[in-house]
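In structure tokens below, several structures.
Shared between the two complexes below is chain A, which pairs with chain B and chain C, respectively.
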Partner chain A sequence: MKSRLTALGLGLCVGGAAVLLAACGSSSSSTSSGTRGGTYRVEATDFGFSNNFDPTGEYTTNAWGMYRGLLIRTLVGYKMIAGAAGNQLVPDLATSVPTATDGGLTWTFTLKSGVRYAPPVNRVITSHDIVTAFERIANPALAAQYGFYYTTIAGMDTYASGKAKTISGITTPNNQTVVFHLTTPTPDFLYRLSLPAAGPIPQEVSKCFTTPGGYGRDVVSSGPYMIQGSDKVNIASCSTIQPMAGFDPSSKLIMVRNPNYNPSTDSTSMRTALPNEFAFTINSNQADIFNRIKAGQADDSLNAPPASAVATLVASNQKQLIKTGGADATKYISMNLTQAPFDDIHVRKAVNLIMDKAGLQQANGGPLFGLIATHIVPDTMYNNDSAITGYNPYPSANNAGDLAAAQAQMRQSKYDPKQDGLCDTSACKNVFTIAVNTSQDLNEIPVVQSALAKLGITLNIRQLTPSAASGVVSTVSRNVPLALSQGFAKDYADPSTFMVLFESSSIAPTGNVNASLVGLTPALAQQLGVTIPKDDVIPSVDAQAAACGKIPTGNARTTCYINLDKYLMENVVPWVPYLSLNQVHMISPAVTMWDYDQSSDTTAYSHVAVNPAKQS
Partner chain B sequence: MRASAMPPAAPMSVDIRTLESTDPAPDARVRSPAGMVWKRLRVNRGAMVALVFLVALAALAIAAPLVADLVGHGPNDLYRTTMVDIYGLPKGPNASFWFGADSAGRDLFVRVIYGARISLLVGVVATAIAVVIGVVLGLIAGYRGGALDTLFSRMSDVVLAMPLLLFAIGISSACSTTPQGCVAGTLTPGVNLVIVIIAIFSWPAMFRIVRATTLSVRESTFIEASRAIGMRERNIMFREVLPNLLSPVVVYAALLIPQSILFEAYLSFLGLGVPDSTPSWGGMLDQASQLFTVAWWLMVFPGIFLLATILAFNVVADGLRDAFDPRASE
Partner chain C sequence: MGRYILRRLMWTVVVVIIVTLITFVIFYVLPSGDPALRFAGKEPTAQVLAQVRTDLGLNHSVAVQYLLYLKRLVLGDRYGWPGLGFSYSSGAAIAPQLWQRAQITIQLVLGAAVLWMVIGIPVGVFSALRPRSRFDRASLFVGLVFISTPVFWLGLLMLWLFSSTLGWLQGTGYVAFTTDPVQWAAHMLMPWITLSLAFAAIYARMVRSNMLDTLGEDYIRTARAKGLPERRIVTRHALRASLVPIVTLLAVDIATLVGGTVIVETVFNLQGLGSWVLNGALNQDLPVTLAVTLVATIAVSLLSLVADILYAYMDPRVRPE
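The block that comes next holds the complex of A and B.
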């Protein structure tokens, strides 16, 4: 499992502070009316693609937003609007959203008729194209970065190991029907099918790309747009296939209308397809990007606006050009349950109680950039269920920290022998801490240091780049006690995507996402070379997570995960969650329609429009 | 025998005839070379003003905790409810916060004063280390020649050829990923690591100056005389040759200090210097680069102090050069 927050970084964390907006923290869209025409121009300092835009392995927010809105239709998808409604599954390539049969082991889909690929393939999309997508996911050589979601399909592992020529668990009785046979009931299977890697891929083209990312320069569209130059690609043989001219990873990604797109097979609630063209271009000068947006020379950015740009808009009464949406992501401080002093639950609770969450929110730019988080999973992923909204196990006045309550917890810990409410032992001094050196995350450091100092905990901070910090924290043998500015975003709108962070099966020597080591057993600890403190038992939530995972999607499943969330916050306490993040965008005055794609946490490219007369 | 005690064979950089001819107020007192240098420097108004500034800055840096007490704000005290708006933007100068605040709500004036500590400490210590290494190696290489000269010269060439920033990034990153840091715990991110990095990249220039001067001095008559009377080589190097290197070493060291200060500022600007909790002018300028369009004070005040300090050291260095060798300024 990989956290997509680092990939979200381009949209969320770059650019730093400053805020505004009357509707702080809530999603907002511009006018709902837009006219056909124009080019929607998006600039970024970097596309940040993780797999060269090859959908089989691409695991970044930016790419998913582009795929869903413009290029790739999946069996089931989303309306690509803001809020909880934007996380609801709707049929896309399939005629309907099916329910599982055979005790939850079988899912049957009927494809809509008349849905065609864009050039150079042009033909009708069939059920076999879905199989091709999964064969690519199962192919180890193509490094599918979230292939673990599909191991529940029968025969995936056998195919991956080369022992079978087909995936036995995917059958295609005819060109319009695809059936998935699972090894175990998987209630969130539909969500997994909504991910871009599961979209149809033409085998006559994809067979020519046998390395990770290779297909990314020749993605054949099933959506309303195609990569510019698609119609010029010769697919007569593998040797004649050239990269599509409209995509150069170092400079541009241009998409034009797919001449084969049939709106009658789609829904305007999902895709309006108003602009004639989408132009994503690289501009290494971030300040220039937002100057150009203000001047109408660009319309949007993959980067979050910097403080100075937002402040200027506020001062000039143009705050309507700042748009936000809930990112379904949580920012948190991670505590390692095997490392002193965080091996003591009372210390972990004390840290939660003392933390100045309002200060951390301010360091991140204020309410515009996120609301105070008080538990693991964002409320929107629980459909804002009343059982969780307002839940705050570690309250404090103005969210600034409660010293008295924190000290009361500290007195119960083994690290306060003097019973003075302070962490008295040497284990609390110079605690090795990993921090991230982006501008926003640096702003958080003094807030955290100041808060923990009140409990007698001092930090030995290492400021690293985001990738270096991620590498160190995710290497178990580094034994990092405390990690600041951590973040995790959903892969899809089911709380299970967050709970994998606390399952023992997620613990790995490197690339470990369970940084707190929840559920670590003595045997696993020995394997990994980690020492569990004497007489300590690391709590586990494996059983609860497994139980919740078996419940079909619906209120009961939501309630189960809500209870698990609360259990984690009160009885395990692996994190100090402090921010439920927002995506922030600055748009140009030429944009007449804009919405937020809750499913991808990006601009809803399927619901934007521009007025060419106002563009420069 | 010291060359300075044998007129007219005075030290290479000090000529008694010149001293006599340019001494504005000749008197009967016999002055030491250091006294003569100081007398020359004293009449250089620019250098004296710069020196007074540096002394005042050093005093302020030493008294930084006292300054913080007087102001009532510590360098890491957060005033986010009063000095940071709800949008995370810092507020500017006022009666209580003379230089305004940074984005964490910390008193910028106090942090600038504390930042002087780091700049002066790093500048002086890194320079001192570079001087020691450069002088010792340059002296040995210049006097002994041969294989040692070749070895040390090639070492300096290698260091000069190294990509400075990449090296700094590499060392800083490598020493940041474990609690112990590098080299058995002796190098951890912070002031020590910054000093080591700067010293590593600064010694070659001093080495070359010392080596060149030594090559010239070793051919002097008094050195030959010392050899002739059987003085040990080590004594010749450190008692006869080294004093004649003082002039170029002192002058170049004075020039090296501001370079080291600037180097530290570069590293902090790039996030490779001291941690955020340790005030540093470079670190402040790094933050300022993100916010200067809405928080001018973040760039102006640390920038003025850094500029003035660099300028002052350069002016003092110029003055010392003139004081040691007045002919150079004619």
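The block that comes next holds the complex of A and C.
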């Protein structure tokens, strides 16, 4: 997962009030009514941006939630509400959600009329602005962090290599029409167009920013709000452009109303735009953030509240101030298929069977912070299909682990020569393990150690910061056998975004997302300097993943990915998934309307409201 | 004296080079993997990683990177002089941020220093004049409490008591003096107190100890025999001699705190150098870490020099070679 949990902005908190937390039963939406006015104040210890808030490369959920709700409209978008309905695509800049033509190779969009940029650009958004966005994505100098989603557009590679002045696969017959020509049918292409990098960008401003993250301090809004100070930016030339005053990456991001926003081009089901201002500020004291929220001095946070703060609200009959939403994310333990003892599938199955998932759930704060996960992709991403809900290939009473079943698996492995159900060889002792040193992740360590000790597996644990842990685990040459507290969240509501973690094409020397090395071939192993154990064949799911990826979105595609998920859990077993994560928010008493943005896994900034009279 | 100062300044340059080199080595030796990964997204392609490395200057060998760093430091870079580069996290130039944050840290440190001197010196003097009295014992006990109390706990306690519960003082955050001097002071008071209490206790004990030694000297007995008022003996003779080492210590303590206020800054949400370097270290932001290390090293070196010069001025028996 590398730093995917930090990318989620999920600062999960320490357990200790699990009973109270389980009793919370809070809903994901507050009162539905809100009035116009006030400032919605959000505090955080860190914005955690990965590309300085430049939409071309920014790859964090915190930023995506802000873009979608406040700043950037894309051709298609979401209603930014909770649940499955929040993952359904709706037209945003486009007049409708099109269907592909030409055998799935052509997508044609008509832009709504009268949608204008905020100051300092002010003009009407045209189809050429969409082209500009993709030219920036294709520009290698800008290091678009999820540019790989758009390589299916014809001509992107040629443009990127400098051999073409335009992207041949994007045409604009007129200012209102943009047509995408793909090299191969891409059923989830609409989801990819909903990502913020695909939003319109004014070329007259963006041409001045030629390094990764450079545009982040001068993002020109197409949404109901704009960065404070946008109207003071002089775009007469590149040399006159100064950073917008409302954004200082180390302290604040203030957004005010976009005077050019026309609600008639939008829908209140997507954006209600009630507060006059959004103020995101840095507060290095996390405890103080939640004290201030309780006191009405702040309204929300990008950090998850500590269990103690949640328990205090529950005890004082204020549990309505605790809000949750399914994060469409899985927390798991990753096992390296090339490293002993996890090169043996029976050991991997035994680890799944023995793991105390209930204990791990407690370590993360209890059921409020996530439900027990039993397979790779969260059920919500499969629309809670009955073929997967309730599926548990490694059941145990109370999810506390099944020693007998685990030992039965262990007896079938080559690491149990004594046939006593224990991992007997030296390969099972002091197994090098990477753990993350955040408070809740440290709580997981004794749970895992205790469980694996029952099978005779002892761990040599190295605790690292989240970014350091991610760096080490994703460097193949480090040969990390076991990685704890890993996590992954969707990019959009299609299971393919998870399956990339198991494709051989994802294996890279550094930045490797396929930490289990599923699909590693002998040739690739030699290239990377990794040794595949003798007589071992690393299983691959490339063919199945490719087959599922070709199916149009719908029930058949869902079923295909469900079957792939099951295959992975039963025949490859790269992970021990244990938590289907929730996002938990504490809001202030001044918040009169709140909803959860399922698409971004954040607060739905487009559906919040405050009562200024109750703010301090 | 001039040659001594020049020699010390040259040694400062050497110390800066050694310290920054060690910081560079630590950054690459620690098991953190490829630093470019931190800024390349959650599923970086080889192309994106390569571009990020190039953009951050990580595509050169460590030795070349260090030499380039020194070159830009001396000659300047595209952001001006000194060439401190840009933050990997924010992409913003280091120098303006450094100046802005240094102001906050300096205000915190100097304010606390004034407070701990105002508290520590009188308490030390009174304790020395009345050794083993109730006041002396009480000041010892209270001093030990403040020395033993973790700074972060003290800060959180103050926030809870004076801000959340009593509402007497402002909470966390910083207001610039030029924006509102009253709010500035209101926001800085708790951080000053939190930072100064342990130092006040230490200084009180040191002043007490030095005063007791000085008051036992022959020339003090002579001054009393000559009939000088006790007050004059204490203030003009004993205290002056006792404060010489205190001044030295003060200079070094201030210099050390320039990069060491991270806890207080974090608790009170002050965007100073300490919290900046902590974030920089955790986020593998090498330019930020180097910049603050540089400032702290120079501060310690120069203020140590100032302390030595002051010492020589105050005590004619001490002359630098």
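Keep this in mind: the second predicted complex is superposed on the first by the 593 of 616 C-alpha atoms of A that agree within 3 Å, B and C clash if a C-alpha of one lies under 4 Å from a C-alpha of the other, contacts with A are read in each partner's own complex, and residues count from 1 in each chain.
Rule of thumb we're sticking to: a contact is a pair of C-beta atoms (placed from the backbone, for glycine too) under 8 Å apart; a residue touches a chain by one contact, two chains touch by 3 or more.
Keep in mind that what you see is a predicted model, and the values were worked out from it rather than measured.
S.K.: Examine A:T592 and indicate which partner it touches, taking first as chain B and second as chain C; both and neither are also allowed.
M.R.: neither
S.K.: I'd like to know which partner A:N336 touches here: chain B for first, chain C for second, both or neither.
M.R.: In the superposition, A:N336 touches no partner, neither chain B nor chain C.
S.K.: After lining up the shared chain so the two structures overlap, which partner does A:S470 touch, if you call chain B first and chain C second: first, second, both or neither?
M.R.: After superposing on A, A:S470 lies in contact with chain C but is clear of chain B.
S.K.: Looking at the overlay, does A:R462 come into contact with chain B only (first), chain C only (second), both, or neither?
M.R.: both
S.K.: Now for A:F432: first (chain B), second (chain C), both, or neither, which partner does it touch?
M.R.: It touches chain B, and chain C stays clear.
S.K.: Considering only touches as defined above, state whether A:P140 meets chain B (first), chain C (second), both or neither.
M.R.: So A:P140 only meets chain C here.
S.K.: If you count the residues of chain A that each partner touches, which comes out higher, chain B or chain C?
M.R.: Here the partner covering more residues of chain A is C.
S.K.: Could you say whether A:Y59 touches chain B, chain C, both of them, or neither, answering first, second, both or neither?
M.R.: So A:Y59 only meets chain C here.
S.K.: Figure out whether A:A363 sits in contact with chain B (first) or chain C (second), or with both, or with neither.
M.R.: In the superposition, A:A363 contacts chain B only.
S.K.: Kindly list the residues of chain A that each of chain B and chain C touches, one partner per complex.
M.R.: Overlap of chain B and chain C footprints on chain A: residues 462, 464-465, 468, 472, 478.
S.K.: Quick check: in the complex, which residue numbers of chain C touch chain A?
M.R.: 30-35, 37-49, 51-52, 55, 87, 89-92, 97, 156, 159, 164, 171-173, 265-269, 271, 275-276, 279, 282-284
S.K.: Mind pulling up the chain B residues that touch chain A in the complex?
M.R.: 76, 78, 80, 84-89, 103-104, 106, 173, 176-179, 188-189, 271, 275-277, 287, 290-294
S.K.: Across the complex, what residues on chain A touch chain C?
M.R.: Contacts found on chain A: 1-4, 7, 46, 49-52, 57, 59, 140-148, 211-214, 216-217, 243, 249-251, 282-285, 287-288, 291-292, 295, 297, 462, 464-465, 467-468, 470-472, 474-475, 478, 500, 506, 508, 510-511, 513.
S.K.: For chain A, which residues count as touching chain B in their complex?
M.R.: 16-20, 306-308, 310-312, 359, 362-368, 430, 432, 437, 439, 442-443, 445-447, 449-450, 460-465, 468, 472, 478
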